[in-house]
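By written order: A, B, C and D. Residues from 1 in each chain.
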Amino acid sequence: MSDNSFGRLFRVTTFGESHGPAIGCVIDGCPPGLEINANEIRSELRRRATGKSRHTSQRKEKDDVQLLSGVFEGRTTGTPIAMLIENTDARPRDYTDIATKFRPGHADYTYWKKYGIRDYRGGGRSSARETTMRVAAGAVARKFLKQKLGIEIQGWLAQLGPIRTDREYDAQMIDENPFFSPDASVVPALEKHMDMLRKSGDSCGARISAVARNVPAGLGEPVYGKLDADLAAAMMGINAAKGVEIGAGFDCVDQLGTEHRDEITAEGFLGNHAGGVLGGISSGQDVRVSVAFKPASSLRIPCRSIDVQGQPVEVITKGRHDPCVGIRATPIVEAMLALVLMDHVLRQRAQNGQEWNINE
Amino acid sequence: MSDNSFGRLFRVTTFGESHGPAIGCVIDGCPPGLEINANEIRSELRRRATGKSRHTSQRKEKDDVQLLSGVFEGRTTGTPIAMLIENTDARPRDYTDIATKFRPGHADYTYWKKYGIRDYRGGGRSSARETTMRVAAGAVARKFLKQKLGIEIQGWLAQLGPIRTDREYDAQMIDENPFFSPDASVVPALEKHMDMLRKSGDSCGARISAVARNVPAGLGEPVYGKLDADLAAAMMGINAAKGVEIGAGFDCVDQLGTEHRDEITAEGFLGNHAGGVLGGISSGQDVRVSVAFKPASSLRIPCRSIDVQGQPVEVITKGRHDPCVGIRATPIVEAMLALVLMDHVLRQRAQNGQEWNINE
Amino acid sequence: MSDNSFGRLFRVTTFGESHGPAIGCVIDGCPPGLEINANEIRSELRRRATGKSRHTSQRKEKDDVQLLSGVFEGRTTGTPIAMLIENTDARPRDYTDIATKFRPGHADYTYWKKYGIRDYRGGGRSSARETTMRVAAGAVARKFLKQKLGIEIQGWLAQLGPIRTDREYDAQMIDENPFFSPDASVVPALEKHMDMLRKSGDSCGARISAVARNVPAGLGEPVYGKLDADLAAAMMGINAAKGVEIGAGFDCVDQLGTEHRDEITAEGFLGNHAGGVLGGISSGQDVRVSVAFKPASSLRIPCRSIDVQGQPVEVITKGRHDPCVGIRATPIVEAMLALVLMDHVLRQRAQNGQEWNINE
Amino acid sequence: MSDNSFGRLFRVTTFGESHGPAIGCVIDGCPPGLEINANEIRSELRRRATGKSRHTSQRKEKDDVQLLSGVFEGRTTGTPIAMLIENTDARPRDYTDIATKFRPGHADYTYWKKYGIRDYRGGGRSSARETTMRVAAGAVARKFLKQKLGIEIQGWLAQLGPIRTDREYDAQMIDENPFFSPDASVVPALEKHMDMLRKSGDSCGARISAVARNVPAGLGEPVYGKLDADLAAAMMGINAAKGVEIGAGFDCVDQLGTEHRDEITAEGFLGNHAGGVLGGISSGQDVRVSVAFKPASSLRIPCRSIDVQGQPVEVITKGRHDPCVGIRATPIVEAMLALVLMDHVLRQRAQNGQEWNINE
């Protein structure tokens, strides 16, 4: 039961391998009448593109997305929206060396154990290339959420290796540096750290945070489709993710109840340790999520591994890789946040539709 | 779209309110031929029961589960297994005071915003009482996993408020103290801390960890049904959860790639920072998960809130509550871990069945 | 993957065996705020009850349904609605004779081949007893459809064996005879035919038709959740069903295009060969469906069969059975029609909610 | 909730409009290791292609399917298989005349009522062009079913208008005439009838039958995923279908129980009125299904209709259409039969995998 669809009612199915002919997605369930065009999607894709600075992979994909269906005269029709991107800068030959070896920390070993066969070229289906289509589909969701409900989504780099990057938060700044850091003052330190890693051939982890503002109260389907549970799945399902927090996250372990509970006044909540979710349902406060990304495992520094026969081998990863995969994860976290919210808007409308005015 | 079913192929649907006539569940998709009886389930339920020590809620439920269907002459038949527990120690009158007030940190406000109506008695559907049925369903999954695949699942209290409780790990110890602590030496400190909270009327958070051993490689359905993503949803969906980690979790942010990647030798992996999951698929290593639970919000210490008219009110929570909900979360975390693994065993078998010998 | 849930958004899960302790269902996704009580459901159940006339099974079940959850102070809360009926007139001993034999025309053989185990008492899960819960869940759907959208559903016996029973159609008549015949003049012939079958120990087939009036245009989800496709599944999934027609059904094979197409004028459609569905979406006309039910296979007339060892045996069915299962199928067809429409109302609202006024 | 995916575990999602840039599909859940190439799929597509004889639409599509993912070195990898066909002989201008008019008997009116917008070019999403991808996906399923389980699927034209075409059944014959008739002797009559219709501008209905041989016992998931229920949905969901029968179908209404029940001997069943399905589960006998297709509504003969303002208009359909859509439905019925069986093979394997040897 391969499972390549995300969402229940705003349902995104992705396909494609890193170095195959193309990647693509199908969005099923998009409300009709939404104005959308390929350029809007391309503009979101550029935010996660490789090759924009020396700090990310040098693969240069045009990501020239085509809209194949579901849009007529500039508006969605309610039928499936298919999007396709041809892979133009694939270099499958970079990978012949690892055709029979398993790269530690990669999905090579587990795909092979699961399916008994794997497309080893660039990680095949397990490559972060797949996340391109999450951003593409997320762009449609964001447009709807923004236009119909006024929801705004923003992600940022909260930490890179040992460097905490959001002590100062300046939203304007985020898209003006290659790290999605909201704190201009740490950018030189980040550049230095990344240059150091590139030289040593090593990599580092990162923490990405995101917020959704103007989310109406009432989103989330207890008790097994809670908003926070769906966010956790969405974030943990991004390549390299190892941890997810909502609101206070793991800090709540050390908190007292009197400290954590967000008191309410006629003017609103007095805090947001909850991260905008109570009992699995949005409270109308900002929805806040934080995700840990592990350091990339594709390193030039050799390591011990085995081959498909179980024999010991040494592995060195060539190809073009990100020393910190977390950096480009920012737009992906935003996209997944948008997809979860979009799905829950439709789910909420299904059960509580008539009585519930989404714009109030 | 209320969403009260968990799992795709081993599908558990729960129902029931905290102070309604009964709670129950239906398991759909259980393989036939599994020996199971009500006593085995009752024995699991006793581990999460309230009223066992002075440190948890004093509600005393017999949790006398009945098997209504799906089991014939002691074995599962492949048809839906229904289980029912009558609520015997419900005290709905404890809650009339909060019928029109919202308790901060609770689902009162969000259920009311979502549905426009709520069963206020003891939290109704949002009560942790619902998790009883997760443990009941989990007992069936655990039996199958143990018997057919040799999978062993163990959870423990890793931290309670400021007290780290798993510096020493002794599995034997876990069920021998009321905290599920694997470290006998901290139990006195835990008791003291809990007594202090009970006196002050405050509460504290906790971190629960769990491991599944002997999990075969190959479980997990990329790219949107990954094992770690499903675990994240399962754990974040437990009442009061605010964070989930797989393997190294948030510690990976500070790690270098050379440190995090688990090298492989002919004898096996040299580490398990991955927590047993690579690319969303189990690697055959121990699956490791950690969950943060917030401090309970039902406190005797008054706080500010509003009522259904939006008017300011003071709220004091009566009723019988846990000062640290995390303690009793241990068997729930184990149950959710079992349910996720069970579902993935069936999902893996669906697509890769014939070629894949689950016992190898 | 046992599959005991029906519907996507108004989702009904049933459980229970014919001669087990109880049968029940859980409705997940019901909109909140609907007034409903157990007596309304009991009144629907009486229409399909056995033992009402000499022409149906003499099993006497009180069908005393209990509402266990999801209803608070007389209104639905949006959480799962659980209903339970205890089996009181079970006689499992009637079935020991067939514990190791397969009754031709029954599910005995196929359940055994599928699961390797079966609850042979009264057909276990394959018994029409399960349809009680379809009627119970259908009662909730009908209430909503009637109250919120004005939809009216009516089924009737269109043919019984060789006797066409709807040449004259008088809706008033339908509930006034034990056959659900809309034509009073054929009732004596029906009685005579049924008496003959009871004497001979044989059985006969039936055709049940149903109509839903005031269905809004727009229900149905192309191209794999079409309204007619979902109706076909719903009807063919009823015990003993062998054929389903929408509108003209198989008569369309002989029609010309000029005859079949329903022309449209400013006043509306000039015909309804389509049965209210075009391109899988409701047109606003009456939705019309017809279902063929096979003659019951539980006969006192002996027949050839085999036992679990594959040895030839003679089978005679004792127990209390319907000589024409089609008769009591009328309220079941109505219930399934209601469940499909209810689900599609919610599905339509999910995608097209805001712009689409369900009452226009 | 647009619903463009078919199947639970072998899940096919289609996209694309009749006169848009391309149509395509994604198969998710295909077992790995199956040898498949684009030419095998093309060869199935040629069977349903238009423009092969004067009796079907003259649109000439090359249907040059591309495999975009999920196949590596000639074998499936277990990841999503994407297929794409560019529309090359689209003539959207043929349809400007009906941009604001509703063709009676078409989905024009209902799509507009549902979505408030429609791609009117050639029926857009509601066009039979979509079924191309059902045949493409079905080709993969058929390959697996044939190779791994020995299942053979064959469909044929059973009736065309008033002409019953399967009184003589010669499987060899079916692909040797443009009607999929198994009876060579009626072909001249069919040609004459079709020529007559083409001259008059009218159309006729058809009945298509199909059989699957060597289906193992045990497929089908009671009580809401029964094999016959899923077949009914699959067939009724094909464009223009109005009725579905399993086995004896509507003939069972007139049968006696002693006539209908298929007795069993040590050598097997003595009849197959059941059509290979008992209690919703395959019995090991041939699975038999029959489908009624209405006469096409796109006629040169004018008819009354309305436009989007509700004003009366006359409609004449230009474009290139099939006078009997049922003819080309034969490979589509086969494809849907293959998709249902394939899905159920995986579903059965999920729950009953280990104990159940699919080849026995």
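To be clear about the criterion, contacts are C-beta pairs under 8 Å (C-beta built on N, C-alpha and C of every residue); 3 or more make two chains touch, one makes a residue touch a chain.
Given the structure is predicted, the values throughout are model-derived calculations rather than measurements.
If you lay the C-alpha trace of subunit C over that of subunit D, the rotation comes to 180 degrees, to the nearest 5. Note on interfaces B-C and A-C: more C-beta pairs are in contact across B-C.
If you average the CA atoms of subunit C and of subunit D, the two centres end up 26 Å from each other. Distance from the subunit B centre to the subunit C centre is 38 Å, each centre being the mean of its Cα atoms. Each chain gets one centre point, the mean of its Cα atoms, and the points for subunit A and subunit C are 45 Å apart. Across the assembly, subunit B contributes residues 1-5, 9, 14, 29-30, 32-33, 78-79, 114-116, 125, 222, 346-347, 350-352, 355 that each touch 2 or more other chains. Against subunit B, the residues of subunit A that register as touching in their complex are 1-6, 8-9, 14, 102, 104-107, 109-111, 113-116, 125-126, 130, 159, 161-162, 202-207, 217-226, 228-237, 239, 241-250, 252-266, 270, 273-275, 277-284, 292-297, 299, 301, 303-306, 310-312, 323, 326, 347-348, 350-352, 355-356.
The residues of subunit A lying in touch with subunit D in their complex are 1-5, 9, 11, 13-17, 20-24, 26, 28-30, 32-33, 66, 68-70, 72, 75, 77-82, 84, 114-119, 124-125, 346, 350.
Listing the residues of subunit C that touch subunit A in their complex gives 9, 29-33, 78-79, 148, 222, 346-347, 349-355, 358.
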